[in-house]
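Multiple structures are listed underneath, in structure tokens.
Two complexes are shown next, each including chain A; its partner changes from chain B in the first to chain C in the second.
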Partner chain A sequence: MTLPLRIKAPLIFFPALLLSWECAVWLAGAAKIMPYPSGVALAAIRDIADGTLIDAIAGSLRRVITGFAVAALLGVPLGLLMGLVEPVRRALDPIVDSLRAIAPIAWIPLALLWLGIRGNAALFIVAYAAFFPFVLNTIQAVRLIDRKLVDAARALGASPLLVLRAVVVPGAVPTVMTGARIAMAFAWGSIIAAEMAIGIKVNPGGAATVGLGQLMVSTLYVKRDINGLVLYMLSIGLVSLAIDHGVRAFQRKATPWQR
Partner chain B sequence: MRVMRPIARLAEFALALGILVILWHLLSVRVANATLLPSPLAVALAWVELLRTDLPADIAASLVHLGVGYGAGAALGLALAILCARSAVADAIVDPAMELLRPIGAIAWIPIAIVFFGIGRGVPMFLIFYASAFPIFVNTLAGVREVDRNLIAAARMLGASPRLVVTHVVLPAAMPLVLAGARLSLGVAWAAMVAAELTGADAGLGWRIFWYQEFFAMDKVMAVILTIGVFGYLLDLALRRLQAALTRWSADTRAEAA
Partner chain C sequence: MATLTTPKIEARSVSKIYVSARTGDKVEALRGVSFSMKPGEFVSIVGPSGCGKSTLLSLIAGFATPSAGEVLFDGKPIDGPDPARGVMFQDYALFPWRTVRGNVEFGPMARGVDKTRRAAIVARNIEMVGLAGFEDRYPHELSGGMRQRCALARLLANEPDMWLMDEPLAAVDLQTRVILQDELLRLWGDAGDPAQRRAVLFVTHGIDEAVYLSDRVIVLGRRPGQVKEIVDIDLPRPRIGARTAPRAAALIDHIWNLIRAEAAQAIVEEP
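Right, the complex of A and B next:
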């Protein structure tokens, strides 16, 4: 039986790549300065067994979820306001756009000053990053609602409240949910950056490790464990995949009328 | 439809900005601590001073990072996408590799980049390169694949050479998506650049924030933050203009402009 190319080619290529990488590192005697697959696997066993990795991921995720919730609570109402009142949208659009252009991580010195190093500064960065997708997608959601559907419902005698509940909300929710998915991805990306920036500033001894970003900093500057760094990198990728799948699954459940 | 008068539009913006600045000023008076919350006036003065001293060099350094990293990233993304579109073997290998790497955000690479390049200008360049390759790759591949087969067949039937088909049918048809990818890339690259400069570089706007933070010069920190915002906005605006100019005929562009 011959496998299709789409399966066969990666099945040959990736193991070959890993194997030759491993061999190259050992042959060059570079195991101290280069990461290699078996070293990463060993680091994974070590960090999962002693709970370091899980604790760090849990610490980061907690802040991501809190920051995400704050962003939703502030972003969706602002988006509604801007979507429904045209002059407000025109006036605030450039301000939102230019604030959005500021990379969230740039706020780290002020966030540290205002909120301290115990995690609230990272929370601010996460909320800031997640805020804009909520605002933009809520504006879009409101503007995309089909006026004809609203008019039809009104003509058939629906009260404004019923129109809101039966037409406006179901029409807007899918777009807002897409915003939530983007917001979640931004939040996860920026928590790592924020924790790394805070960790470098505050934790030169690497004593108190509270999130994946701080763990990376202490691994980089204190333990100098390059295989560990690759492991944390891969973990970041895995968590963002898991988050995206989770949000998509929730989206399908919550808005079954979409597709 | 009523045409928006630019003056009315500007007035609305000025009003919103004015309210924002007044609120900021009142808050800074209430806080009464120039380190905790510098007043808008202090930030403006710091900005003017920085524009005469440090900022031009930092802006130039950041733009060099962006130019090198984004240029290389966009070129790689485009090249890989074209390779995938042309060869089934390349597609079977590159596509899953990109899908595996994509969830690992650029920021996750910072520590590794510091190990390999040292604290310096290699870190932001590498991060921008990495961050900008993916959106361009994904969008170009989608753009090339979604070209209407009938258009290609029609052009071929009318006697167009394969080369002419590429330059006059495939490329224009893929252009809106490619440019959308370029804009997406620039946004991601900008954020990655600031993070990389802040944590692993010795030049650029992000690094300058870190520098003034060491002196607790928060008015200057805010001036640099505002500079980052202004330049990020201007770069996006420039690409949006380019998008509108190059793909005036596209329904997507018109929808966005409306």
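Right, the complex of A and C next:
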């Protein structure tokens, strides 16, 4: 075989690692408190077969996507306004900065109080987390717009509205897209925390309408299934990679003029 | 009303002082610049770097306003950009998210020309600058010379009364530049009826280029930018194919002697 070392090395190393991990757990007799590869694999088969895993991922993703969309719908126009109108930026900068300094999950108690536990609270947390990357990157995007392109458009007869539509908006797209990637990462990161915090109250028995966060809480306190927990952690990572991949692919499609 | 005797451009004691928003520092870019341009005249501006050539062009384009004095276009004070004064920028300022077609189409679209007429205008101008077949390329997929042609097509598609060009040939290699100079003259109407020509204000740091192309050359001195001399280029037209007239060499020498000392100074002063 002439596989390059870059591929060959992990191909040997990774199974070896899994095998020694498996052996170590059994030899130490720690299978009750330590996860092990075969257990995780069995949990995966079980949860995929009965739909638990897919349902939970879908539940979380639905909230993430909704919250992300709300954040984009509110954050991008606000960023445009702040980027284009200096006094607005000066007035709102301190507010945005101080709100941004509050960790999204710190809002959970108030969100629960105002929005209840049926999922809207988690949605709020997600939207909150995703909102700031949109605002900040849109402000930055507007500032980075090449002044010459605005002049070029004006000299060609463009109205202020056309300058906004045909120069400012497309010129801002790449930087806003970068913001969207950060926003997505933040959204996905905070949904788990939000669902965990909310899940304890709503779903002690592990009933329906849960996301990955609720599933993890019930797995920890009700089922005490350590391998299941690791499976969910891996799922969180995989979904996160898939999301970033998707956003990047969309970014390339949306900005075909970029190298 | 503009009449035959109304200058296309008239600059009256124009000064421009930039004030830095951050530090409050002032830069006097132009001081007391006066000149006028006839319709159909090809005028170049030369001078050492930093002498205010781009500043002067931007005042005429309407991107900025003079700190003192005024600039008239067809006898009326310039009040913001106007598609009648087409601009070509030093680095072309093509819209990176628009293809060649999209860039050339922008002006007619902005002025509300309907789709079918627009398509015809675009096709004609892309053909004219030799970019047929490259309509769907993005600017980053073009060579420097092709970008330059695209910028030229974008300018021409708007049929402006006047062309304002800021070092349009600076970024291409020497052979390409020579070819593009001839194409520019051809498009302007070097061999044609003088009444059909557009007024061109052409910024360059190439003195030979200015002499080859222009009817008159405005020589600016630096810090602050002032008119040193306006040199009549009394070479016959058409000039395409006649680059090495002895008279041209004498004019080039003359202009070079006007700015030599300051150009040398500019090298050591550039930040």
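Going forward, the second predicted complex is superposed on the first by the 246 of 259 C-alpha atoms of A that agree within 3 Å, B and C clash if a C-alpha of one lies under 4 Å from a C-alpha of the other, contacts with A are read in each partner's own complex, and residues count from 1 in each chain.
In the analysis below, contacts are C-beta pairs under 8 Å (C-beta built on N, C-alpha and C of every residue); 3 or more make two chains touch, one makes a residue touch a chain.
All of these numbers come straight from a predicted model, not from anything done at the bench.
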### Task
Go through the superposed model and pick first if A:151 touches only chain B, second if only chain C, both, or neither.
second
### Query
Is A:103 contacted by the first partner chain B, the second partner chain C, both or neither?
first
### Query
Which partner does A:245 contact after superposing on A: first (chain B), second (chain C), both, neither?
neither
### Query
For A:223, is the partner it touches chain B (first), chain C (second), both, or none of the two (neither)?
neither
### Query
On chain A, which partner touches more residues: chain B or chain C?
B
### Message
A:87 in the overlay: touching chain B, chain C, both, or neither? Say first, second, both or neither.
### Response
first
### Message
Output check: A:193 vs chain B and chain C. Expected answer is one of first, second, both, neither. What do you get?
### Response
first
### Message
Looking at A:236 after the superposition, I want to know if it touches chain B, chain C, both of them or none. Which is it: first, second, both, neither?
### Response
first
### Query
Which positions of chain A sit in both the chain B and the chain C interface?
none
### Query
chain A touches which residues of chain B in the complex?
4, 9, 12-13, 15-17, 20, 35-36, 88-89, 91-93, 96-97, 100-101, 103-105, 107-112, 114-115, 190-191, 193-195, 198-199, 206, 209-210, 212-213, 218, 221-222, 224-226, 228-233, 236
### Query
What residues on chain A touch chain C, complex-wise?
146, 148-149, 151-159, 162, 166-167, 170-171, 173, 255-259
### Task
Quick one: which bits of chain C touch chain A in the complex? Just the residue numbers, please.
58, 61-63, 80-83, 85-87, 89, 91, 93, 95-98, 106-107, 110-111, 138-140, 154, 158
### Summary
chain A contacts chain B in the complex at 5-10, 13-14, 33, 35, 87, 90-92, 94-95, 97-110, 112-114, 188-190, 192-193, 196-197, 200-201, 216-217, 219-220, 226, 229-230, 232-234, 236-238, 240-241, 244
